[in-house]
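One chain, chain A, appears in both complexes that follow, with chain B as partner in the first and chain C in the second.
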Partner chain A sequence: MKSYVALARSSYMAAMMYRFSFSFTLIGNLLYIALLYYLWGSIYRDVETIRGMSFNQAFVYVALAGAIFTMVKTWADWEISYHIRSGAIIMDLIKPLDFQLYALSRTVGFLFFNVTMIALPSALVLFLLFGANIEVGVGLLFLPAALVLAFLVSFAIDYIIGLTSFYTESIWGISTTKEIITTLLSGALVPLQFFPDVAQRLLRFLPFQAIYHVPLTVLTSPDLGVKDCAALLGTQAAWVLILFVLGRFFFTRASRVLTVSGG
Partner chain B sequence: MRSLLRYARLYLLITSQYVKSRMQYRADFLISSVGMAFSSVATVLVFWVLFRSIPDLVGWSFNEILFMYAFYLLSVVPLQLFFDHIWQLRFHVVEGTFIKYYLRPINIMFYYMSDMIDIKGWVKLALGVSMLIYASQRLGLSWNLWRVFLLGIALFSSSLVAISILTIAACATFWIIGSFPVMDLAIKIRDFSPYPMTIFDGFFRFLFTYLIPIGFVAFYPSQLFLRPGEVPVLTYFSPVVGIGSFALAYFVWNRGVNQYTGTGS
Partner chain C sequence: MADPVVEVEHLSKHFRVLNRREGLWGATRDLFSGDYKTVRAVDDISFDIHAGEMVGYIGPNGAGKSTTIKMMTGVLKPSGGRLLVDGNAPYANRQRNAQGIGVVFGQRTQLWWDLPVIESFKILKEIYRVDNEMYKNHLGLFNELVNLQALYATPVRKLSLGQRMLCDITASFLHSPRIFFLDEPSIGLDVSVKNKIRSVIRELNQAQRTTIILTTHDLGDVEALCQRIIIIDQGKIIYDGPIGKVTALFGAYRTLKVQIHNYREDTSHQLQTGLEVRFGGDGAIPVEHTEAGWTDITVNQDQVPLLEVLHFVMETFPVKDVRIVEISMENVVQQVYEGALA
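Up next is the complex of A and B:
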């Protein structure tokens, strides 16, 4: 456990090196939220509610999706692929550590960095500057847990995608495809409530909504009870379990075909 | 003229080497093409989902937005195909491999950009053309040779704007360590270019018209074809904006290139 904490700490420190990078990401995020404000303002120009969502609810939903985006972006897939191409994967594999947890702890450092430096300030500004006041229910209590689970689901998917680079040379295509599918089908771009009913029902059976839709719903739906929230978090936890096991299984298969060029 | 021919020949030579090396990874090319197609289809799906709930977006219908998006796709094709190496600039600069591009008696920007051609950009071209045709048919727009010629000029101008915005953002790496967020923001902003600029007001409309002219990537020029009866004056400035922003990007690039000192390795 101690070694995993040290890994997380070192990636946090590495991120701190790029202070310009984080301040610019923060500014960029705020600007992006402002643009979303205009876009959704014009979508709601003539109507009060769409699909049961008020402007405030929809705007908070998509704007916070942006903050969650920086939070759940683990880069684990790119990192694994980069290590394979550079040969550094050998050094990873000879460590007496579990490869999945090793990859996870490296991303956790970035997570703390992104949450403290980007996601939280963005959310704060969202409420202060845009006066996005929303009614919250008990869901708020579940939000931290929902976010942690969302991060784990996102990591587990990225990890599996990263492992495909044991087979292919470059993962640009597969990683991009994953990212688009995740953002579209999880409600990160448009709230899931806007989708046709059939699509909505279908999407609830996919892991992607566990990343954005669940935490955002928990926050923006004041009339959710404790039971509803627990059920939502339950599906998240189930996906974490399934995807982690899948990743471990895939790793044992993939590590057999690993070829490293030079050294 | 002679030098233009020489550069064309050089481009073919350098690029064909790159294409040959890429042909080793056929599977990757295929998957990447699928990924590229997915990203465009996803955007259209977002429009479709939105327009299920609203009749129009600040007065523009679904098909008109689709037309603008098709125009946008076509105007980023040259950037995707011929300037994609810009994404690698920060790695070359930080790792010192950028120094290679100083060592040939040819234009550095030309040499750098010709070192890579992103063949999967054909997907954007194909999707852009088909969406443009589909939307035109749905909207009952009439095309003739003159209008196709106009489209060529409009796309040339707007592709220069798209190239310039990303080039300037990428050049941040000459002065700053960890410049990825600058490019990331440029892309995030550019993603708003298929939308009517009239969704913004005041500061942002000014910003996107005159300072970071993403309005000229799709919205202003496409009105020449969408609503020929009510073309705003701004539209006619597209070529000026295009050439002007490219000149600025070239200036920034040269400033960066001239003060770069390598990494010492």
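Up next is the complex of A and C:
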């Protein structure tokens, strides 16, 4: 365990080495929030609520999705594929570490960096500058756990996508496809409440809503009870379990076909 | 003799690779191609290595050296045969195997690129669960050997190649591995750094009787360090035995490189015949025209004095430039095929 903590620490420190790069990510995020403010403002110009959501709720939902994006974007798929193409994968595999946990601990370091340096400041600006205020219920207490689980689901998906590079070397196509599917079906772009009822029901059976929709719903729906929240987090936890086991199974298969480039 | 620390029996590794076609159209057709060929990177090899040995595992580029190392480190799964490293099957028990071995790849680093050197050591200390005392002792040893302390605060990306290599060796040795793999440790380094690295490796072998397996195509490394040498070519072992015989062989060989003025196509043939007439033997002094106007003459000094050959060439041909180099890996392999070690 201590070794994985040391790894997480190292990637946090590595991120800190490039201290100016994060300020640009932060600025980009704030511009994105401004854009969303005017976009959703015009959608709501003549109506009070759409599908039971007020402007404030919808705006906070999508704007916070932007902040969550920087948290749950693990880049684990790109990192694994980069290591495959450069041959650096061999340095990962000669360490006495579990490959999945190794990949996870590296991203956890970046997670801490992104939360403290980008996601929190973005959320602060959202509430202070844009005057966004929402009613919160008991769900707020569940938010931290929901965010952690969202991160784990996102990582587990990225890890599986990353492993496909053992077969294909490059994952540009598959990773971009995953990105689009996740963005659309998770509620990152448009609140899931806006989808047709059939689609909403179908999406409940996919892992993507566990990444954005669950934490955002927990935060923006004041009328949710403890039971409802627990049920939502339960589905997240189930997806974490399923996807982690799938990833481990996939690694044993994929490592058999590994070829290492160079040297 | 004690049980071997590395047991290799009929080990093979095959890769299936697509037969790629040339050009834009060829690349497009490859998208739908099912035309695979099997490459036998390692083809039925067997050997044992005992504790404390320093073995040179050599061969030309693409011979299968690295593939063997990758199997021994548990990165690649063997296609066939038996392989035990310190009693473990490396691929099946990758993590356990990794704890007992140290690996340095000359062309890669296991240090954290963006962080100061000392941070990498600290992380590796945690990963390999090295206790404080051992950690201190090791860094102390390396400080004595190469004054490493001066580099602690430097980020890895700012190290020179030689400095990075020394740091990488230190890093791979923190957990006192029983078996140490070095893959091309001196590639691209100048002579003084090479010597430093060789003396460090020798020290590590002696201090803890660490078994060292050295892959290289620099014969100098092997000559300086190893008692035993295994030569591999095209996936097969073509020599396994004491280094003495091999040094005797390639120690005596030199390649005389000459650049001849007004070189014509039949010049090397003329040279070959001329040498045969003068020194006798058919093909005993092979002549080969190589890159950019250089003609290589391989001379066995035990049979023919190099100076006499040089003298003869200078007298018979208008020579522009001359170089004398030690025999290359490819040449050694060729000599072994021709029965030089039989």
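Here is the rule we go by: the second predicted complex is superposed on the first by the 263 of 263 C-alpha atoms of A that agree within 3 Å, B and C clash if a C-alpha of one lies under 4 Å from a C-alpha of the other, contacts with A are read in each partner's own complex, and residues count from 1 in each chain.
By definition in this document, a residue touches a chain if its C-beta (ideal position, glycine included) is under 8 Å from a C-beta of that chain, and two chains touch if they have at least 3 such contacts.
What you see is a predicted model; the values in this text were computed from it and never measured.
Contacts of A:Thr177 after superposition: chain B is touched, whereas chain C is not reached. By the document's definition of touching, of the two partners only chain C reaches A:Ser3; chain B does not.
By the touch criterion defined above, A:Pro96 reaches chain C but does not reach chain B. Legend: residue contacts after superposition of the two complexes on their common chain; A:Ala88 is shown touching chain C, with no touch to chain B.
More residues of chain A are touched by B (comparison of chain B with chain C). Shared-chain residue A:Ser255: touches chain C; no touch with chain B. With both structures placed on the common chain, the touch criterion links A:Ala14 to chain C but leaves chain B unconnected. Residues 17-18 of chain A lie at the contact with chain B in one complex and at the contact with chain C in the other.
Chain A meets chain B in the complex at residues 17-18, 20-22, 24-25, 27-28, 31-32, 34-35, 38-39, 41-43, 45-47, 50-51, 168-170, 172-177, 180-181, 183-184, 189-190, 194-196. Within the complex formed with chain A, the chain B residues making contact are 24-25, 27-28, 30-36, 38-39, 42, 45-46, 49-50, 52-54, 57-58, 120, 176-182, 184-185, 188-189, 192, 195, 198-201, 204. Of all residues in chain C, only 15, 66, 70, 73-77, 94-96, 98-99, 101, 103, 105-110, 112-115, 119, 122-123, 126-129, 155, 183-184 touch chain A in the complex they form.
Those residues of chain A that touch chain C in the complex are listed here as 2-3, 5-7, 9-10, 13-14, 17-18, 87-91, 93-98, 255-256, 258-260, 262-263.
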